[in-house]
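Multiple structures are listed underneath, in structure tokens.
Look for chain A in each of the two complexes below; its partner is chain B in the first and chain C in the second.
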Partner chain A sequence: MDRRSFIKLTAITGTSATLAGCGNPENQLIRFIPAEDIVPGVAVWKPGVCPLCRAGCGLTVRVMDADAEVVRDGQAGIVRIAAAKKLEGAPDHPVNRGGLCPRGQAAIQITYHPDRITQPLRRAGERGQGRYEAVSWDGALTEIVSRLDALEGAGNQRALAAVTQSGRGHRSALIGRFLGAYGAPGPIAYELFGDEVLRRANGLSFGRQQLPTFDLANARYVLSLGADFLGTWNSPVAQSVGYGRMRQGRPGLRGAFTQVESRMSQTGAGADEWVPVRPGTEGVLALGLANLIMAAQLHPASAAGRAGALIEGWNAGLANYAPREVERITGLAAARVERLARQLGDARPAVAMVGGPPLAHSNGLFTALAVNALNALIGAVEQPGGMFFTPQLDVATASKASGSVASPAPTIDRLAADGLSGGPATQVLLVDGANPVFTTPRAWRVREAFEKIPYIASFSSFLDETSILSDLILPDHSFLESWTEALPESGSMVAVASVAPPVMRPLHQTRATADVLLEIGRRLRRPLDLPWQTFDEMLAATFAGLPSATADVDAWTDAQAKGAWAGPLPAGLAVAGTAGASAAPGTFAFTAPLFDGNAEQYPFYFLPYPSNAFLDGSLAHLPWLQEMPDPLSSAMWSSWVEINPATAERLGIGTGDVVEVASAHGALRTAAVITPGIAPDMVAMPAGQGHRTFTRYASGRGENPVELLAPVTDAATAALAWAATRVRMSRVGPPDGRLILFAGGMREHPAGEHQR
Partner chain B sequence: MCLAAFAGSVGCRLFEPASSTTDSAAPLLPGQSTGVFTTARPTLAGALNDFFGRRPIADQPLEFPHNVHVGKQIMCTEYCHESVTKGPVAGLPSVSTCMICHAAIATDRPRIQQLAALSEKGLDLQWARVYGYATEARVKFNHAPHIRAKVECATCHGDVGEQTVAQRNVDLNMGFCVNCHNANNASVDCLACHF
Partner chain C sequence: MAADLDRCTGCGACVVACHAENNISTVGAGQAAIGRAKHWLRVERYWEGDFPNVGLKFVPVMCQQCDNAPCEPVCPTYASHHTEDGLNAQVYNRCIGTRYCANACPYNVRFFDFFNPSWEKPLQLQLNPDVSLREVGVMEKCTFCVQRIRGTQIQAKAEDREVRDGEIQPACVQSCGARALVFGDLADPESEVSRLSRSPRGSKLLEDLGTQPKVNYLSRQSQA
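For the complex of A and B:
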């Protein structure tokens, strides 16, 4: 820009600024009387519970005075409120011990999001258009109650369905009880990157159908098969705290750590050794290690007990999994397998963990069982430095929720198939905290099925791909405005129940979903028999049965003040293990993983992975997370596909080039990121972007890898095998600015490429 | 250049929020605000005053007679500015604080009836701040330790008991603060007052 145009532009901007400034006198808004006593300028820290994933970390929330713009009786004005301003990890919480991941830090933006739904809405346009009109809470509740009464009148209670986020806490239990009392099937909890396969495997191997807790702090060697345990998997903050102690917390003793995976994760980037194997063959490597450990007589086969007995040929020493055979199947050199076996067998205590991509194949259950058997063999189960199972509170018993329990729910793909094929059709659908239209493969046709459902009510706080199909929106409070709770499934040696009262008053005309459900239950023509008036009554009922940690106050008061209760569970309140209860399900052997798409036409394995910022995409609406650089590629505000340098060179693809990635089920165009941390026959893409509608920050940004996925499932659990799709890839154009890198490209390039 | 600076400070109003939503985003829903939060001044006058460090003369919603209240032995720190002993900010009373006494006292006066009417409607008074530091001064003033050190309100705020509407009649510049700190052996470390 030359001097003349700069001066011109300055003058123009200045003038328009003057004009723009004229029409806006200061202090235009009226001021309402505050509803609470606030000492201005003084911060108060209150407990909270992080709602973003199942880890259930404890928060401490900084609350201070603020001026909020509100509408009261149709009049806009300002009122002074006590507002949450900052989230940190609760220092004494048994799971996260003061830590908080970047997603948790960004959770504060949910409450103040400019696109939050602020009041009940009724659909005013076509489905999917996003046109809504305001409706009063009374009107909205009357409407949904009349729908439910009509179903009940027709004796068709089973035509009510609910899609929810997965979880084991009180909220899930309440929704289950609501549906059970009404006569509907239980809630459908679908999670794209769920851990159902591992839960099932732990149930079979150890009688505990839940995720494991790892005592990393005391481990001397960790072998992780695909588990991104420092980034997104299981209880990442608890695991990061333990990992820090394992590596640097014991003077003179640094625990070693090997990561086995075919695409380098954030966790893998910190490993001492990174070992790529063919996708879906991780179980073979685990049994190959077990074979060598038994052969070297480091541990006897019998040490594995029931977990070992599930594996075919275990007691015979796993002759089918000799190093040569392992090399043939996994592609990992036999000598390297032997070295890994020595490391694992010699280090005590050592532990293996498995999670993520290895279990997202058609043979996922076998892989999980193989790693379980290996852990049992090396004595890592319920031993210091090994894996544990956090005792689980039995919510139904604890909250005294006697009464009818909902019958098991169909899976989401079953629900969609039934709806489209004239099977038992859903008439009324409730959606709470789930976005299956975005996170299910196209082939399941969830969107089409939902469009055919006559009535959908959503409790969502934002218009996402699922809630935009709804006829009625009953917006929930944000987690800072309502009672929150979590029963962490893992991350602690003792049972934990997190709970926190509302941190601040609701900013908008929203209502807590749990309380709304209870009110609907009361308003029905045949009121539901639910033992609580409000959600906190249900929580109080649970905590009344728990022993208090402090002598002079009861557990309920104590837990509210601290944000969590932790300790040994009284007899009768723990979820019983299933050890020895189930009949032997037979033995398991390796079967080659199934991939959708033949290898000639679709030469690359396709790996969608949970984004470090957005997980499965449910957090893409938070701008702090959009602008957080990916820890490996440094990309932000965008989508990309990761390609091995050799593959990229063969296909003539450079960093930032636009490439087309296509499977038999869909195609998308995105930017290329060239990285050495991925196998040459694999391409990987972070999930989370590619929203069609999800607030101003996520809509129309990037691509959704789930749209390429084939509907392959794990045979035993029917969980989606999200790593079982093959794709082809071609370059379609030069960089067009869609890839936004924070720090240039990958630093590790072959010699001579630095100048490029 | 100055103009450019003003333009920057009021730029928020030039940027219409509609353009920040992408085409594919759903239309705004009833009850959603259209504005994007910014810290910029809402008017050019505000920006100008801010730029030159000029504070507007406080224009109060109600002619509050300080002299009447102080004369009736109502301590500043007891009701109206009670936060002064607890935290950094003295605080300005809300209508509900006024109504603690005035629900019963002097209910026949027009100003009090004005108050009662506001209170009934749930509306608060738009008090304007009289004292304060420019943001650029980076002063983190905290009332509470001054109260604990038994500094009289009048030292910094003048004899409010002789005023009706509070006026700024003490210039709280750095020299004023440092003189008093020196006289009372209080810290004159930069970080005692500045960020």
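For the complex of A and C:
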């Protein structure tokens, strides 16, 4: 090589090396012209509706400009978009009044999750492998329509099934209408920590089959039996707002609060008095209190009306529930029962609430009815400082739905059993917002049943244990990219309908599930008779019938601007109470709760509970929630089992040690957390971790307590009795780093004994 | 700021709200396991008694914005300093990462960035453009959401008025359903936070160290 060519060569390679190393690769992307009008640096606040639980809290979403990477016509580039930046509670929303729970705060990470499904997918590998190929929306819709047409051609419409999240809003109503018009059974809504038992009880006692609303702000005394009402149960933000006012919102008057439970919940930590009783005997305590209140003639038995009459022996003063008897059954000293009764009888207004573990037993319905009768006795029903039922909008009437209503759905365990035993088999399954493979007990064999279903289509935004079994994925928009709505079941004294238009444009090639269903309905060979073209038409139809809160603006426009409509419902649009009780007076008496596993072989009650971060596990994919320290243990990114210090000492278990927990149905290994807030004969474990498949943040992390659960159900409602399993436990090894705590050691243990 | 422990439910909404507002990066399980998780605001818990007579108290702890802050004099670069309105500010561009301030702080509310933060795309779209990102080697901490304080002050000035009491809400205060956290001007005796600070239930964390913290904790009452 001569000198000249050497210089030429170095000049060329040098320049290109410099160019290649120049700045970030982003800077080489093309900048597209923004499709929306945005003022850079100026925040706009838009209304939203939190989608994470049934509480239906109102959001206000901060929207600002941001650079998003997109692909347009095959060309990668960046474009300035109006992006959601922060979620806050809407200050004027009648449910949450400005507050928002940690889960709601983190919901924005759903929209921006790196593992979101960005476009329709068709299965390419074996079922469950997770190998998918991209398919166009048109191709995907053609495929699902041909499947449904084939069923219809064979006259087998009842072989279509849908598993959805539970809910009372328009989305559920639309899915129900779709199935009804097609000729399929209604949607199957399964929730691990569902409240079906309490709804049924409220229907029997009060003629209102729904969750109650509590006027905590005006209460002087609250007796909660197991209800985690400040954490995960019912409408936690609304209840926290009321709780703050009850405690310190009235000068000179501080409401008192007693929590009855065997494992201290986040809510129990706030109680003035914490009262552990034997699991499944909470109803006996409630009737014991009623017995004393009646005996002291603070209230007559007749005050409890229909709710009391359902209980056997009520009018005779509940002689079977005298303090000595209550002590024998619940394990709570008779003197303490008497003191609690005085407290409850003397304070006005007072209210009792029940939820969570006490209702997750084979006698759950009895327990709920007992607490209802107690509330009726002390005059807490529909009274200030007591319990109320939020008036409910009748969606079918309000949205002017026509056509046939879907017939009642089987339960998920029934569906699975039929599919496996040669009963009426499901041919096509639609899955929307539910992950039953993760949240049902193994004995129900939901996974095996789903694997036998010839065709599964999912609307999921993520690959989870259920959607990974699907043949076609039609990914939904995130809640910030689509019309959202909620009809809160509780948390407000007046009827509420939350609604919000899309906050931002879709980031990916996704489509709103409600609109996709409507399009499928139109494309079918025999198009479905649904009165709306799009989901917002359905919403508009509802709001057109509501009175506007603001003069010279109609209710639809007003609600969109505010994020909610609230007020008295016009006649004919409210869901009517069920006046005639279907149970005869004196039907219900205490029966001992059934537990799976005998006490000698399986000495511990096993209590799975909804995680403060992940609920039943549906939020384990959000990194903010993974890294949020648990309120009681400060654990992050972990699973653990809670053990009483005396039990731990007896078994030689220290915090962080690996223990094996086994029931008659399964076994798992997880880290021990030694905590004084649990009975010596009980171990507890948060649900939510233990996902096999659920994005990079949750897959393969921790253990799922549902794996241990026995298929015990409440006899009356067939709801899973998730607190009715017994387990054994043993230490299998020293700390191995799987338990990650934010704080130092708990009080019982010197620092350094477990690792940081 | 005032924190009413009788209202606090320990839910942790403030913790996540703080992450969302202040671009605090998550560090992941591996780093969290060696004590590198960053929570400018944490909810401490104190167990009392043994089963069955057991109690648990929650205490939300953020930077106490001390008037006599131990973190300030130890900083060789004045990254950690006192502002005119009484905040303990941290100037990230001055910080050289000696970590003296974190050692001096008795409240454990200063967090060191052991690496550059990263957000897996498109999670970076959630970032708040009003708050700068901290790079490796820098100490970070609660600012009482100074971006919100300044934003409201500028807005009030533009409208030619005073800032109203309660108008400034740091992210933690805004998120709290039970209204356990109250923020305001302690120099104004009429403000709600001043009123709460005069409560006989009030006390300050580790007050006897002489740090003169500016967060008042109103103790939980017991039922007589």
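One rule holds for everything that comes next: the second predicted complex is superposed on the first by the 713 of 756 C-alpha atoms of A that agree within 3 Å, B and C clash if a C-alpha of one lies under 4 Å from a C-alpha of the other, contacts with A are read in each partner's own complex, and residues count from 1 in each chain.
Everything below uses one rule, namely that contacts are C-beta pairs under 8 Å (C-beta built on N, C-alpha and C of every residue); 3 or more make two chains touch, one makes a residue touch a chain.
These numbers come from a predicted model, not from an experiment.
*Asks:* Check whether A:Ser240 is in contact with chain B, with chain C, with both or with neither, and answer first, second, both or neither.
*Replies:* second
*Asks:* Figure out whether A:Leu546 sits in contact with chain B (first) or chain C (second), or with both, or with neither.
*Replies:* Neither chain B nor chain C is touched by A:Leu546.
*Asks:* With the two structures laid over each other on chain A, which partner does A:Val61 touch: chain B (first), chain C (second), both, or neither?
*Replies:* Neither partner.
*Asks:* With the two complexes superposed on chain A, say which partner A:Trp624 touches: chain B (first), chain C (second), both, or neither.
*Replies:* Only chain C; A:Trp624 stays clear of chain B.
*Asks:* Once chain A of both complexes is superposed, is A:Val71 in touch with chain B (first), chain C (second), both, or neither?
*Replies:* So A:Val71 only meets chain B here.
*Asks:* If we overlay the two complexes on their shared chain A, which of chain B and chain C does A:Pro114 touch? Say first, second, both or neither.
*Replies:* A:Pro114 sits against chain B and chain C alike.
*Asks:* In this superposition, which partner touches a larger number of chain A residues, chain B or chain C?
*Replies:* C
*Asks:* Just chain B (first), just chain C (second), both, or neither: which does A:Gly99 touch?
*Replies:* A:Gly99: touches chain C, not chain B.
*Asks:* Is A:Ala134 in contact with chain B, with chain C, with both, or with neither (first, second, both, neither)?
*Replies:* So A:Ala134 only meets chain B here.
*Asks:* If we overlay the two complexes on their shared chain A, which of chain B and chain C does A:Met636 touch? Say first, second, both or neither.
*Replies:* In the superposition, A:Met636 touches chain C alone.
*Asks:* What residues on chain A does chain C touch that chain B touches too?
*Replies:* 41, 69, 114, 696, 701
*Asks:* Within their complex, state which residues of chain C touch chain A.
*Replies:* Per the touch definition, chain C meets chain A at residues 4, 6-13, 15-17, 19-21, 26-29, 32-35, 37, 39, 42-47, 49-52, 54-58, 120-129, 171, 174-180, 218, 221-223.
*Asks:* Sort out for me which residues of chain A touch chain C in the complex.
*Replies:* Contact set of chain A toward chain C: 41, 64, 66, 68-69, 83-89, 96-102, 104-106, 108-109, 112-114, 230-231, 236-238, 240-241, 243-245, 247-248, 254, 256, 264, 266-270, 272-276, 507, 612-613, 623-629, 631-632, 634, 636-638, 644-646, 675-680, 696, 701, 737, 740, 742-743, 746-747, 755-756.
*Asks:* Of all residues in chain A, which touch chain B in the complex?
*Replies:* By the definition above, chain A touches chain B via 10-11, 13-14, 16-18, 20-22, 24-27, 30-34, 39-42, 69, 71-73, 77, 79-80, 114-119, 121, 129-134, 463, 468, 508-509, 692-693, 695-696, 699-701.
*Asks:* Note which residues of chain B are touching chain A in the complex, please.
*Replies:* Spelled out, the residues of chain B in touch with chain A are 1, 3-4, 6-7, 10-11, 13-14, 20-27, 29-33, 35-37, 42-47, 83, 86-89, 91, 94-96, 119, 122-126, 142.
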